[in-house]
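Next, two complexes with subunit A in common: one pairs it with subunit B, the other with subunit C.
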Partner chain A sequence: MADPVFAALTGAAGILVLIILGYMVVVTTLTAWPAMQSQGWSFIFSTTWDPSRGQYGILAFVYGTVLTSLIALVIAVPFSLGIALFLTEIAPGWIRGPVAYMVDLLAAVPSVVYGLWGVFVLLPGLLQPLAVWLSRTLGWIPIFAGPGSGLSFFGAGVVLAIMIIPIISSLSREVLRAVPSDEKNAAFALGATRWEMITGAVLPRAKAGIIGAVMLGLGRALGETIAVALLVGSREQITASILKPGYTMASIIANQFTEATGDHIRALVGVGVVLFIITIVVNVAARALVWRMVEA
Partner chain B sequence: MSVPVGMSAGTPAGAAAGAPAGAAAGNPLLMRSTSRARVVKDVAARVAMWLAALIVLVPVILILYYVAAKGLPTMDWEFLTQPTPYSMRLRGGGFVNGLIGTLLMVVLAAVVSIPLGLLGAIYLVEYGKKGLLAQVIRFFSDVMTGVPSVFVGLFVYTAMVIPFGFGVVMGAASLAIIMLPIVVRSSEEMLKLVPRELKEASYALGAGHWHTISRVVLPAAAPGLTTGTMLAVARAAGETAPLLLTALSAQEIVTRLVGEATASLPVLIYYGARNPFPAGQERAWAGALELLLLVLVFTLLARVASSRNRLWQ
Partner chain C sequence: MKRRLFALSLLLAGAFLLCSACLVACGGVPRSPGESQDGSTDGSSTVRLEGAGATFPQPLYLEWIGAFIQERKGIRINYQGIGSGGGIQQLTQGTVDFGASDAPMKDEEIAAAEAAGGAKVLHIPMVFGAVVLAYNLKGVEHLRLDQESLAGIFLGTITRWDDAAIAALNPGSELPATDILVVHRSDASGTTSIFTTYLAQISAEWSASVGQGKDVKWPVGVGGQGNDGVAAVVRQQPGALGYVELSYALETGLSVATLQNKAGNYVAPSLESTLAAAKGVDFPEDLRFSLSNSAAPDAYPIVGATWLLVYDRMESPAQAVALKAFLTWCLENGATVARELNYAPLPDELRPLAQAKIDQMQ
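Here is the complex of A and B:
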């Protein structure tokens, strides 16, 4: 094969990525546009989702997506950072390999297996009793108002947390490893304890990269579909309580798409377009932060 | 580098008086409180990190245990070789329709996305390098790995399913779109590791760009490339949401590639998990075991390939 032909071929393959991404945006937006236009602003700001009367307001799903992802982050971030710091700074050598391997294994489990396990094992074993207990003892706080259910924003958030821990922790590990050991040694030379070395020398250096890693985890949580569809409880509502059933943008698409027709399908594609925009914004910001940290 | 916890115990207490109060709050390195409190804090932090690591291992073990314990009783020859019965209430039958669908779609997606992704990666490393176009492709490939898979499903539905109907090809298309950016970026990382001396030696012998890439660069990077593509395949094999929208599901073994709803392992597991009848749920667990083994085989192949990668040493 002639060199110029091959060069052009590789360039075309590279550009193909851009074309597919662009084409995805255009095609889905055009499909969803009639539904979005007929609803006007109430498509985004209304909470009424009633396909039988042709009303499509997605606010409750946006709320559910954001809420479940935030719950997931609140749980996942401390554990992810804990395990990343453990593996890079304090774990004895022999334990690093096996623990890192186990966490990576968590990343390889398909989301439908998380969903199955979540519904039949975690829900009766932990989520349901915990939700009932929380609503009984802390029910006077609005976010824990009862009656509590495991099939709720909370239940979906917990399973999401387990799914994003390997993502956040493995990226954080890379970022932490990029901190120069000179700076760590300098902290020790100043008389720092190991924890002071971590908070004084490692974390300030790694901050941007860790925020990026967390945001990539957030991006994954926002778009996660199947496990959430099985655990979120599937009710179109906004509640202050995280122990009540709800819906997310991705899970309503999975639940209703196969039975939808006409405008209902267009509206669901519209839900997907809004979800896409949200995840793209989060991902672009995250990539920018991680890139600055790792490549600079 | 191991510094004992109590190393700083000898810090003169007088130093504490000299440090301004404001600085102590900002940077822990300037903090000079009693050394005992600092040691306690250090030990507490270590304990917390150990606990974080141990607690994260709990779900890993629980998931593996339950998938094995609940999947094995139903996983027999019949399950591996028979299609799904028409009712979730019925016992017996299996997921062979899903296994065949998954294998067809994953293989088709791999056949399309791996060569394309590899070509794209070659462009980034050998031609585009640090140029503007290469940086744009790099950035948007990264962004594309973060696109929700259900959105890819919606796209393939509107672009392909509406005109042609559900089918293996549509499911494969959505999996290929999910795999493509992963293959591009992981292959690029591997190609970057090929030493420049190796390429220069090839050019010095009079080889052109194409010959150098096909005879020197690709063979040298082959184990690493295999690792990246196997991980992409493992990811694709476990995807559910896009297949729900593009291949749907079926009780029969697929006979046509286009225009026929096709079962896959993940979608069959999803339906089983949503149904109230024990027989359907038991099949879902066996299906989860089958899918997990399939994914782990690909992940294991990736590990074996990466252990043969001489470029990393």
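Here is the complex of A and C:
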């Protein structure tokens, strides 16, 4: 404790953050409480969202949030792991810097730009044709049942995937780099090929950290608002097909907040509270896993 | 040592919070956004007016504002397109000097606004607009839809373009054997209000199951954000059909459908057919009216007005004078610009009634 004033100031900053976080949780829950109470358990378990009749059931939004995030993970994880493995194990030194930099740059693009690019470029160019093709050729599988639309869980999931790739890949890179080279050399010495070395010596060690990175990406995908609002199709329904339009918790808040009054606003704040809880749980679990890996 | 530091940190954090709470309580937000705290206009002699509301007339209002402040130096006006409902809310909360809405305020909304502002709310109609059905069908130049088929498409009972009902109305066109992608608004809007009012008038089933309003539970379709969002989706998705204001369809070069009006005639949307909808309408005293489903023979069926909403008494006399001047200027000189941008200016019967409302302001 060389400088007591400095220590006190930084301590104050930390405490302030905790107070603000606690204040946010308390105020939002109190605001939303009357609406959630009037609906009872059907607030979470009903799919009927009809403000004009005073019915607020958010199940369709929870479903949409989880589904779009899952689709994003399914697409993003292989890509991110591939990028991370390529950059740490395979790429020559002079490539690593620029490529890593460009991947991290993807994280700097604002969400609304992703949304606009998604609607004006990706939708006609890739999402809509792909969705229609998938529903025509694989439509007998329930998750690809038609009519396929680019504005759907699938469309939102693809753009979300692009947004979370930089997070997962940069964290995975750190985790992979932390694997001691002794183990890798030992695998080579035993006659392993590069691929066998990766699957045998690197990945098992890095597993916990990579899972943590994936969950952090999931945390971002759960809360993403504008890009998803523009691409998800704005239709509250629970359906097995990912090619049909849907709705997420963040998008319903973004779309309806400016016009809502009274109980409608309180219900929307309630949606926010539920989203808040889900995101916090996912983030805390992720941090715990990543810490465990780094300290090991 | 550590415990003392922790206590000191706690104290500093608390002190900071207390200071910010004080600042918020003392500063506060002035109810009239164009004024500074003590009621005078800011420093120089510039009067500032803030407005917010519907996105439909936004291109027109911005043109009018630009022209007006060029002529009358010393007045600055700012307009934000946040949606009709947002405009009504902001007026009630006192964060804007005037609101704009494509749907007249409901009785409850008027009561709330008058209670909050302590003055009467005036509806001043500015222009008329048509809500058109934009579609994306290659090779189909003129699509005709009658009342049953239009309602059927939006109710989800008609799902394909080559449905017998649509084919019968368009014998000369080749309709594809694909699904209709219905596009509606995902945000609440006056455009939706105008369109759903019309649907409720022509279809008992729509009126019973869905109803009308700025935001409804759509039976089918995907949602786009704002007029531009819907226009973008229609423009890019083959087989899409969505409703937008006429000016957006014309700006983006979308094909629009010809609709059957109450008299049974098929009318294409245009300035003339929009104005024709106002013929023979009995305007009520508070100027809240609907032009939907007009009986005039050459009228386009889906027409609505857009209003500017003001209080008849404003806190600052300078602002009241400026706002009155702006509104009068728009009514007297705004017609040419309105026509250029494909908005229909008020007909001669209505203009003096609107001016009389403006004169009530002080």
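Just so it is clear, the second predicted complex is superposed on the first by the 287 of 296 C-alpha atoms of A that agree within 3 Å, B and C clash if a C-alpha of one lies under 4 Å from a C-alpha of the other, contacts with A are read in each partner's own complex, and residues count from 1 in each chain.
We adopt the following convention: a contact is a pair of C-beta atoms (placed from the backbone, for glycine too) under 8 Å apart; a residue touches a chain by one contact, two chains touch by 3 or more.
Since the structure is predicted, the reported quantities are computational estimates derived from the model, not experimental observations.
Chemist: Return fit or clash for subunit B versus subunit C, each positioned on subunit A through the superposition.
Modeler: Clash: subunit B and subunit C overlap once superposed on subunit A.
Chemist: If we overlay the two complexes on their shared chain A, which of subunit B and subunit C does A:L9 touch? Say first, second, both or neither.
Modeler: both
Chemist: Based on the superposed arrangement, let me know which partner A:G139 touches: subunit B (first), subunit C (second), both, or neither?
Modeler: A:G139: touches no partner chain.
Chemist: In the superposed arrangement, does A:G150 touch subunit B (first), subunit C (second), both or neither?
Modeler: The second partner, subunit C, only.
Chemist: Touching A:P34 in the superposition: subunit B (first), subunit C (second), both, neither?
Modeler: After superposing on A, A:P34 lies clear of both subunit B and subunit C.
Chemist: On the A-aligned overlay, A:T258 touches which partner chain: subunit B = first, subunit C = second, or both, or neither?
Modeler: In the superposition, A:T258 contacts both subunit B and subunit C.
Chemist: I need the one stretch of subunit C that runs into subunit B once the two models are overlaid. Options are 224-232, 278-286, 314-322 or 332-340.
Modeler: In the superposition, subunit B collides with subunit C along 224-232.
Chemist: Let me check the overlay on chain A: which residues of subunit A are in contact with subunit B and also with subunit C?
Modeler: Touching subunit B in the first complex and subunit C in the second, residues 1, 7, 9-16, 119-120, 230, 258 of subunit A appear in both lists.
Chemist: Which residues, counting only subunit A, touch subunit C once they are in their complex?
Modeler: 1, 4, 7-16, 19, 50-52, 119-120, 123-124, 128, 147, 149-151, 229-230, 233-235, 245, 251, 255-256, 258-259, 261
Chemist: What part of subunit A is in contact with subunit B in the complex they form?
Modeler: 1-3, 6-7, 9-18, 20-21, 23-24, 27-28, 31, 78-79, 81-83, 85-87, 89-91, 99, 102-103, 105-106, 108-117, 119-121, 162, 165, 169, 181, 184-185, 187-188, 190-196, 198-201, 216, 219-220, 222-226, 230, 250, 253-254, 257-258, 268-269, 272-273, 275-276, 279-280, 282-284, 286-287, 291
Chemist: Could you please specify the touching residues of subunit B with respect to subunit A in the complex?
Modeler: Touching subunit A from subunit B are residues 1, 3, 5, 7-8, 11, 27-29, 31, 38-39, 41-42, 45-46, 48-53, 55-57, 59-60, 62-64, 66-67, 70, 116-120, 122-124, 126-128, 133-134, 136-137, 139-144, 146-152, 154-155, 157-159, 177, 180-181, 184, 208-210, 213, 234, 237-241, 244-245, 248, 266, 269-270, 272-274, 281, 284-285, 288, 291-292, 295-296, 299.
Chemist: Which part of subunit C faces subunit A closely enough to touch in the complex?
Modeler: Contacts found on subunit C: 1-2, 5-6, 8-13, 16-17, 82-83, 85-86, 89, 179, 181, 186-188, 211, 213-218, 221-225, 229, 232-233, 236-237.
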